[in-house]
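Following this line, the structures themselves.
Consider the two complexes below, in which chain A is the common component and chain B and chain C are the respective partners.
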Partner chain A sequence: MDIFGILHSTIRLASPIILISIGGLFSLKVDIFNLGLEAFALMGCFSAVAATYLTKNLLLGSTIGVVVCVIYGLIYSFFVIKMKVNAVICAVAFITLTSGLTRYLMQPIFGTSGKFILDRSFALKPIDLGIFSENNLIGLILNNHTILVYVSIVLPFITHIFLNYTKYGLYIRSIGLNQVAANAAGINVDLWKYLASMASGFFCGLAGIQLAMSMNLFNVEMTAGRGFTALAVLIMTGAQPIPTFFAALLFGFADSISNVLSSGGYQPQFLAMLPYGLALMAVVLPKVFRLIGEKRKRKLSFIRILNREGGE
Partner chain B sequence: MRIRMKDAISHKINIALSSLTNPVFAIVTAFIMGGVIVALTGGNPFQAYRVLLTGAFGSFSSLSRTIRFTLPIIMLGFSFGISERSGYFNIGQEGQMYAGAMAIVFVQYIFGDTPRIVLIILMACAGILASGLISYVPALLKLKLSTDEVIVSMLLNYIMVLLSKYLLLYSPIAELGKSTALSIEVEPGISGQVIFIFAFSIIIIYMITYKSSTWGYQLRLIGKNKDFAELSGINVGKFMLIIAFIAGAFSGISVFGEVLGVYHRVYNGFASNLGFYGMTAALIGGDSVFGLIAGALILGALQSGSISLATMTNTQSEIVLVVQGFVMLFSTIKIFKHFSCFDKKKELKKKR
Partner chain C sequence: MKKKAFVIFVLLILVSLVTACTESENNTESEEVETINKIAFVSDQPLDGSEWLVNLVDGLNEYQEEHPELEIKMIEATQVGEFEPKVRSLAEQGYQLIITTYASMAEATLAVAEDYPNYYFGSLDGTIENIEEYENVSEFGLNRTETAYLGGVAAAAMSETGVVGIVGGMDEPIINAIIAGWQQGLRRVNPDITDYVSYAGTWTDPTTGKDLGLALADKGADVIAAAAGGTGAGTAQAAAERDTYFVAWDTHYDEIFTENKVELGSALSFFDKLVIKFIESTIAGNFEGGKRIELGMKEGVCSFDIGPESPITEEARAMVEEALKDIEEGKLTIDTEPIHK
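Moving on, here comes the complex of A and B:
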């Protein structure tokens, strides 16, 4: 087993999760629970592949894919904010709708069903970074990735700076903390909610492009629960960008390990469960630790009270 | 005084109208949107819908097929409806169904030699228990650790799908000599009529329990106002756990009918998307059981009609999923409320 290969594919596989979870972070920050990330990313995959196929141009196709996702985010937030639809129901509706639309539209657009492979020349090419290309540790892990992988590595840090050190970041955080107060402070709450939701769609679109175009194919249900995984990551890290980045790397590592092991003859079903099981742990374990911590604290304070009474 | 009476009456009419307008609006809009998509992709929406309609209700065999698709959706709708009212959002029905199906096949494998009646009862118990337990876990986690049950049950869905795929490929319940994921044959079949009577009696029991029993009353109370229910002496958390188990049990009943009545085998992906059908039916129905049954009938008809869609027209049967998604999206919009809001705004403007 080649450890550098595993780490290389860790970063490659983590990048869609990072992008999706940064997208979800924006909508969580403005208090919209976005279970529909899965649907957004799937739509991103499909629209990018379809637009590239129709326009015969990767850049134009990818732009259209992202625009479609941004519009998707806008529609989602319109239903949640203006129409007062329950966010979870709206998200499940979007998931069903997207699953149906992508399956249905494959026949009219591509003329096949199930799986469509684009011409290889349209694939997102890995970039050879000159400085790292020597045969050293950084070069082996970080070189030869697509542009979106590099974007996804930088993005959490930019998001961190944006949220914590700019005026607009403050607006978004304040809406998440207390909408009424934000409104009273003169922030247009609905506008920022729409914008954050569009940002959510934008990053999910990028994730979709990375997923689909790096392999130049579209597959039915190709996001395979990455949206839910990203949401689990966000719940675990409390929607902070930099911890989210590292947690997503962990999931990329799990994906990569399960890929390697399944080619090594282990049961692929159990290995495929690994990311989901990890996500489940990510949701449950922090709460367990918190519960234990609280219990211990209570016990300690109880003992302290007993001691004090004994001392008197 | 008179004005108050008038207000009360108009309020009641408002409620009755809105409970009818919402689902009708949702379904009509969804069909229009679906039609637009069919037309945009070069199909003929009127022809497609005519084929759907005749495919669902055209003949006796298609009608019975529609009922066959409707019954599990009703059960899943109950499953979603009661759990939603108790404050537990049950979207893990797909995983619950796989768990139930696995349990049923395991009973066939272990107790295959016992008499037919005993075997059927054992299978029902096993299926209900397994589905109920899978539904119980997220509820327990929600109560004890306040985790989000939606994300937990979605992740459990994926895990259950993969687990059942593994079991159907490599465990003793897998059919020998097959490379695809397929179970051994479940021998005791039940005829359609028996299943229909069985389901019908469950619907009746459900309606009676829901409308006129202490449990049903408590459930409705929690659904309307959780804090009031807590204050009036209902242990809401414990109630939610019980309801979560019962909700899973309904999924188990639906899978029991599916496996013993229709498929007689379990294959991988037999319940994909079926869980969301139940949710859609419950959303169409809202508070009323008849609404839920009507919603399930529409969805069942869509499924049943879609079988002949791809062969009779150039429209893909996946359009059914699209229509279902639109129904879900529009079904919880209080359209009547929005319109009455507009009216009030107009009145205000007139007064000014």
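Moving on, here comes the complex of A and C:
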């Protein structure tokens, strides 16, 4: 088993999940439980492919794709903030809407249905960074990725710095922690909620570009549940950027391992369970250890009390 | 106000109960069918889900335009709960020939067929066990093992490392039949070949398809194949990236292989021709109820198509033609169980 190949594809598979998670993180930090990240990512995939097809230019097409996603985020936040729709219900509506809309629009825009493949010249190609040579161990893992994968690697750290060390990060965090206090402190709560939602649209759009344009094709339901995986990651880590990064890497690793093992003759149903089993263990095991640790501590302190009383 | 709403609610329930009861009484009478001019096709997947289904829909639309006296309706029924109601409502609206797809719809088809003995029902690969009891139900299917066999022959003939891999959609009988044909075709040319089988578990995720293709290429495969619908497009991308040969299913990936032409060929299935053949034979009065008909390459409903820019060598092409001749002359029996998974 080629361990470097596995680690290389771990990063490649984890990067859309990282991007979607960071998008969802901004939304969760302002107390909007955005279940519909899947919809934003799918819209990102579709609009990036459609815009690249119509403008015949990768950069312009990707930019338009991201802008469409930001507008999508704005519409979602409009319904949740202004119209006071329940965020989860609105998200479910968006997911259904996006699935149907992208399928429906394929025929008028592309002239085919189900799948559309762009010319390979528009693909988001992997970059060979000079500083990582092929022989270097780290180079084997980190070299030959597309630009958005590199963005997704540094993004959680930039987000951490933004949220914890800047003024605007403080605004966003305070809205999530205590909205009334934030309002009293003079922060324009609605404005920042809109901006956070637009930011989540932005990052989901980037994830959509990575998913679709690295393959230069669009397929219906291309996101394949990655939005929900990202949400699981966020809930698992409590919406902290750095743990989110590692949890997403864990999911990417599980996906990669199950892909490599799938040709080994194992039951495909068990391999499909693998990512979710690993995630469940990652959440449950620390708590189990902590519980055992506390029980031992309690037992030890009880024994200490007994000894003290006995000694006197 | 609340009391009024409650009364209206109860009235609505009563009305719907009454209409439901009266409906089921009128069901069992259907007129004798003289000419068939209303045909319906019910799919259990979204109509734009897989390549073969898209081609089928296009083919039926063309057929409809050529034959304006027929009315062909194509609907999708994706939830198990709506299979029987939809098929039943089609029969009630007077569709004399109703074609359903796959085993999940078989029960619904048989239930409605019992109530409408004068209408014709076709089941595409329904695997109905007691079909002999139903005179107005005919099962038909497309033999995909033969084209898979030819694909295997081409792949083994072109493989230099002796390692090949295939990405299947899901672990289910139809894909396993394809894999069985593929594996036997491989072993006809190279009995010691090492072949890997990966199941993607999804029909619509090209990213997984690409990763599986790359994993197969990392294991040393220099020919990879994909019989997995949309996921297969990702595997084609992997083949283009790693410069391995590729055997496609149901479509040619010309748009992906623009720089390096590595597609050896594609096992095409003309589901539209299959369904049209079935429709025409039923209209002509040759409906064979109570049994399963299987059509294959001989009847022209599927073929292993080698594209004009295929890198296949003359030697390999000759092997494929020889295998094709053996199949047509009936010299080969191809098993439908995979040798290994």
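Just so we're on the same page, the second predicted complex is superposed on the first by the 262 of 312 C-alpha atoms of A that agree within 3 Å, B and C clash if a C-alpha of one lies under 4 Å from a C-alpha of the other, contacts with A are read in each partner's own complex, and residues count from 1 in each chain.
In this text, a contact is a pair of C-beta atoms (placed from the backbone, for glycine too) under 8 Å apart; a residue touches a chain by one contact, two chains touch by 3 or more.
Since this is a predicted model, take the numbers as computed values, not measurements.
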Contacts of A:F79 with chain B and chain C, given as first, second, both or neither: first
When the two structures are overlaid on chain A, which partner does A:Q269 contact: first (chain B), second (chain C), both, or neither? both
Can A:R103 be said to touch chain B (first), chain C (second), both, or neither? both
Output check: A:G293 vs chain B and chain C. Expected answer is one of first, second, both, neither. What do you get? neither
In the superposed arrangement, does A:F94 touch chain B (first), chain C (second), both or neither? first
With both complexes superposed on chain A, which partner does A:F228 reach: first (chain B), second (chain C), both or neither? first
Quick one: classify A:G238 as touching chain B (first), chain C (second), both or neither. neither
Partner chain(s) touched by A:D2 [first = chain B, second = chain C, both, neither]: second
Considering each complex separately, which residues of chain A are in contact with chain B in the first and with chain C in the second? 103, 113, 224, 267, 269, 272
Can you list the residues on chain A that touch chain C in the complex? 2, 5, 9, 12-13, 16, 103, 106, 112-115, 117-121, 211, 215-217, 219-222, 224, 255-256, 259-260, 262-265, 267-269, 271-272
What residues on chain C touch chain A, complex-wise? 46-51, 53-54, 165, 170-171, 196-202, 204-208, 210-212, 214-216, 218-219, 230, 233-234, 237, 240, 253, 255-256, 258-259, 340-341
Note which residues of chain B are touching chain A in the complex, please. 37, 41-42, 89, 91, 141, 144-148, 150-152, 154-156, 158-159, 162-163, 165-166, 169-170, 273, 276, 279-280, 283, 316, 318-326, 328-329, 332-334, 338
The chain A residues in contact with chain B across the complex are 35, 79, 83-86, 88-90, 92-101, 103-105, 107-108, 113, 224-225, 228-229, 231-232, 235, 267, 269-270, 272-273, 276-277, 279-280, 283-284, 287-288, 291
